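Across the two complexes that follow, chain A remains constant while its partner is chain B and subsequently chain C.
== the complex of A and B ==
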């Protein structure tokens, strides 16, 4: 039987949530910024290392301006994982990351929460890692949707984790 | 339920679908999407997979109505943005789809504009921050490299001067001349880099001072007449006689602009003449606008290159014999702008170039007295003994150079202190006629050491000893800072032997006259 898991992509507007969504679903990227209103939902079939198939239902949500609490509650219901995306070039998109992750883990128990720093192609990886460490900003992965860097691996690892 | 579906069927924007908990569609209309009875709702769109999780374990209450606004639903026939209401009961789930595509698309345009303007603003902030950081780095780099290069350059120029005074054969003289010329060129390049960096960072301040304008022009005449003679061309200067002898303006910058333009004319003119004309543009109350025209019969510039003439590192002539930093005219343009003047250029290839420059000045309406600004001559007071000088300097090469220059005069004894503390010990032990103080020595710097000398001793031989500061960080501030800290004069590295000796003589003579 195919496993089905709901994964919600969250974060400030303009951080590249839709770019990651499009990269993993259609392996496409566009430089053009298009705002997402509400939520768009697509399914991605991922083959697990043991050969099983996992159907990842990805919810690409509208970006918020302040905190994750602004995201509509109904979008988060029944989730198995949250991917909190932030923009490595915009500090304001991750300055509340700790509080936002705390809110998610506190209010949505048993839901995996991951933090992704996107737009790695625009920064120096070594410097940004040091900066995030210094600012005590946790992250699970740094990606570039544009360059398709670490995106596939991140979703494969997440699928494996959700299948456990 | 059937009634509900029938009612909504009259509304072209609403679709009602009833599904069982296994996902099979029990009833539906096809107002928005063409779904069929008996098909699985899970195949209609991935959104509906959420119905699989509709149990209490997942936080759902089967009696609770749920609303999902602004969901993008698409199938092969349609793409719509809908609000969805889900009403579960014990056996079924009823789904209401309200099509608000048009409303949301309108909202989308507004949100797009809002977010884009915020993102563009942030991007500009980031670019601005990056540019500021880059500019700061550039300026600090130039300041450091300036200091690092000037110190060895002082030694090179100083030793070449020493070398020139020895018995040299023709070849050695020629080689020494080349070393000097190239060192001076390097020095000019550093000056230009520092200037352009200061101008661009807004750190260059324009000063207003009364100066002998006629002398300034005479100086050009004197300097360039010799150059013209060597090149076999003519140099003519014409100055309108009604122009005031003294004007108020930034003498250093006016000199720099005119010198750059005249020097440039000489570089590119191999035959014919260079004419330098100064005339009055207008004069009102105490304001004066002067026109300067530098006309040459040189190689000229092609019309398409004229707009790029004042850009940095622009060179249209690739003749390696013609040296230049590529910064001269960029500095000229920047300085003219800073002085609120204007500059225009006309040029015809192989005929020549004319630079027309207008600069504003002021003049004192009532003051007729003239100030003698020519270098006053000083000579050392008569003494049976040699004059004793303390050189406070930590760089061996500069110590050696200054020693060599002073000892060659046969009138000086020189002691060397390598830092500020060392200098203090020396002055407590011995009487000095003058101290040459490097500003960047260790322990105590030149300013601190001077202040200690001036403030901590009752003995006037110590506290009033003439002190000349010197440094590779040559700018107007360095001199002012030296004077403020109690020094008597300042000399910038690289210095010329003649200038060093002149300043030492002047200070010792002044002290003796007191």
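== the complex of A and C ==
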């Protein structure tokens, strides 16, 4: 029997949520920036290491301009995981990360919350890791949707975690 | 030496250059007349060849220039899709309208002809019904055709939009049911949020010839896609059937076992909803 899990992608405007979404669903990337209005939903079938299939229903939400509390609540209800995406080149997209993650874990109990720093191709990996550590910014993965770096691995790991 | 001879010698001495010039001009004129004469001759031989080549060129335009022109047109259409659609929409709309009107007229005539020709108890009953209602038999049959039909039914977890079970009396289409379930939930959530109606739920979506009937329960909702005329009477019957199904068939066991749930849904809604 196929497992189905709802995974919501969150974050500020222009951090690359839709780029990650397109990369994992269609393995595509576009330089053209189009603002997501409302939400778009697609499905990604992931084969787990034990051979089972997991149907990941991804909700790519429109970006918020301030905090994650601005995201439409009804989109977050019933989620199995949140992916909070921030832009490694824009500090304003991760300066409230701790508060945002706290809000999510407090209000949506038992929902896995992951933080992803995107646009790794535009920064020096060592330097940004040091900077994030210094600023006490937690992250689960640093990705580049453009270069397809760490994206597939991140979603495979998330699928395994959700299937447990 | 006579005077005449002397004059000739003098002429030769004085006019040598002019004579040479005159001779050269005469020579050039002769050459030019030859060329003109030759061209006329030449054209007799060359013109048919050129005509053939031109004809061949015209014939081969679709092969040689066709792909380039097609490619250029495709590119142009691709780059200005909105403009093309905008321009074609009214034309296509009128064509479809005319076509449908024509086909409906043919269908109605065909039905009338057949019903006149055939005799059976069913036909007799229909004839009586038509007379009693004051309409033609054809119109009565057409209204029967427009009767509502269940096209697809989804049982969806309320907040997550995860598909719990689905049933369609038609063969499985190409639509991704899980994505449809997600999108329906997103639309529903959006509408319910946007109008801040408290605990009110979205119950109906109309889309051209289809109606999506939504019936809400505590942790899930049922979405039934209906084609044809969705009347109040049909709505009531459908609601009752869904309530009946929920009451007798949906428990925690079904909600956790998608395959079993789908099987029960199929069994319950296999017959036409009247």
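Convention: the second predicted complex is superposed on the first by the 164 of 164 C-alpha atoms of A that agree within 3 Å, B and C clash if a C-alpha of one lies under 4 Å from a C-alpha of the other, contacts with A are read in each partner's own complex, and residues count from 1 in each chain.
By definition in this document, a residue touches a chain if its C-beta (ideal position, glycine included) is under 8 Å from a C-beta of that chain, and two chains touch if they have at least 3 such contacts.
Here the structure is a predicted model, which is why all the values come from computation and not from measurement.
Q: Under the superposition described at the top, does placing chain B and chain C together on chain A give a clash or a fit?
A: clash
Q: Have a look at where A:75 lands relative to chain B and chain C in the superposition and call it first, second, both or neither.
A: both
Q: For A:25, is the partner it touches chain B (first), chain C (second), both, or none of the two (neither)?
A: neither
Q: Which holds for A:57: it touches chain B only (first), chain C only (second), both, or neither?
A: In the superposition, A:57 contacts both chain B and chain C.
Q: Just chain B (first), just chain C (second), both, or neither: which does A:123 touch?
A: neither
Q: Contact-wise, after the overlay, does A:137 reach chain B, chain C, both or neither (first, second, both, neither)?
A: After superposition on chain A, A:137 lies in contact with neither partner.
Q: A:101 in the overlay: touching chain B, chain C, both, or neither? Say first, second, both or neither.
A: neither
Q: So, does A:41 touch the first partner chain B, the second partner chain C, both, or neither?
A: In the superposition, A:41 contacts both chain B and chain C.
Q: Touching chain B in one complex and chain C in the other: list those residues of chain A.
A: Shared contact residues on chain A: 4, 6, 38-39, 41-43, 55, 57, 72, 74-75, 77-78.
Q: Taking the touch rule as given, give the residues of chain A at its contact with chain B in the complex, in rising order.
A: Its residues touching chain B are 4, 6, 13-14, 33-35, 37-43, 55, 57, 62-63, 72, 74-75, 77-78, 89-90, 92.
Q: Along chain B, where are the residues that touch chain A in the complex?
A: Residue list for chain B touching chain A: 45-47, 49-50, 52-54, 58-60, 66-72, 81, 104, 107-108, 111-112, 115-116, 118-119, 122, 126.
Q: Show which residues of chain A lie in contact with chain C when the two form their complex.
A: 1-2, 4-6, 38-39, 41-43, 55, 57, 59, 72-75, 77-80
Q: Of all residues in chain C, which touch chain A in the complex?
A: Residues of chain C touching chain A: 157-163, 176, 178-179, 182-183, 186, 189-190, 192-193, 257-259.
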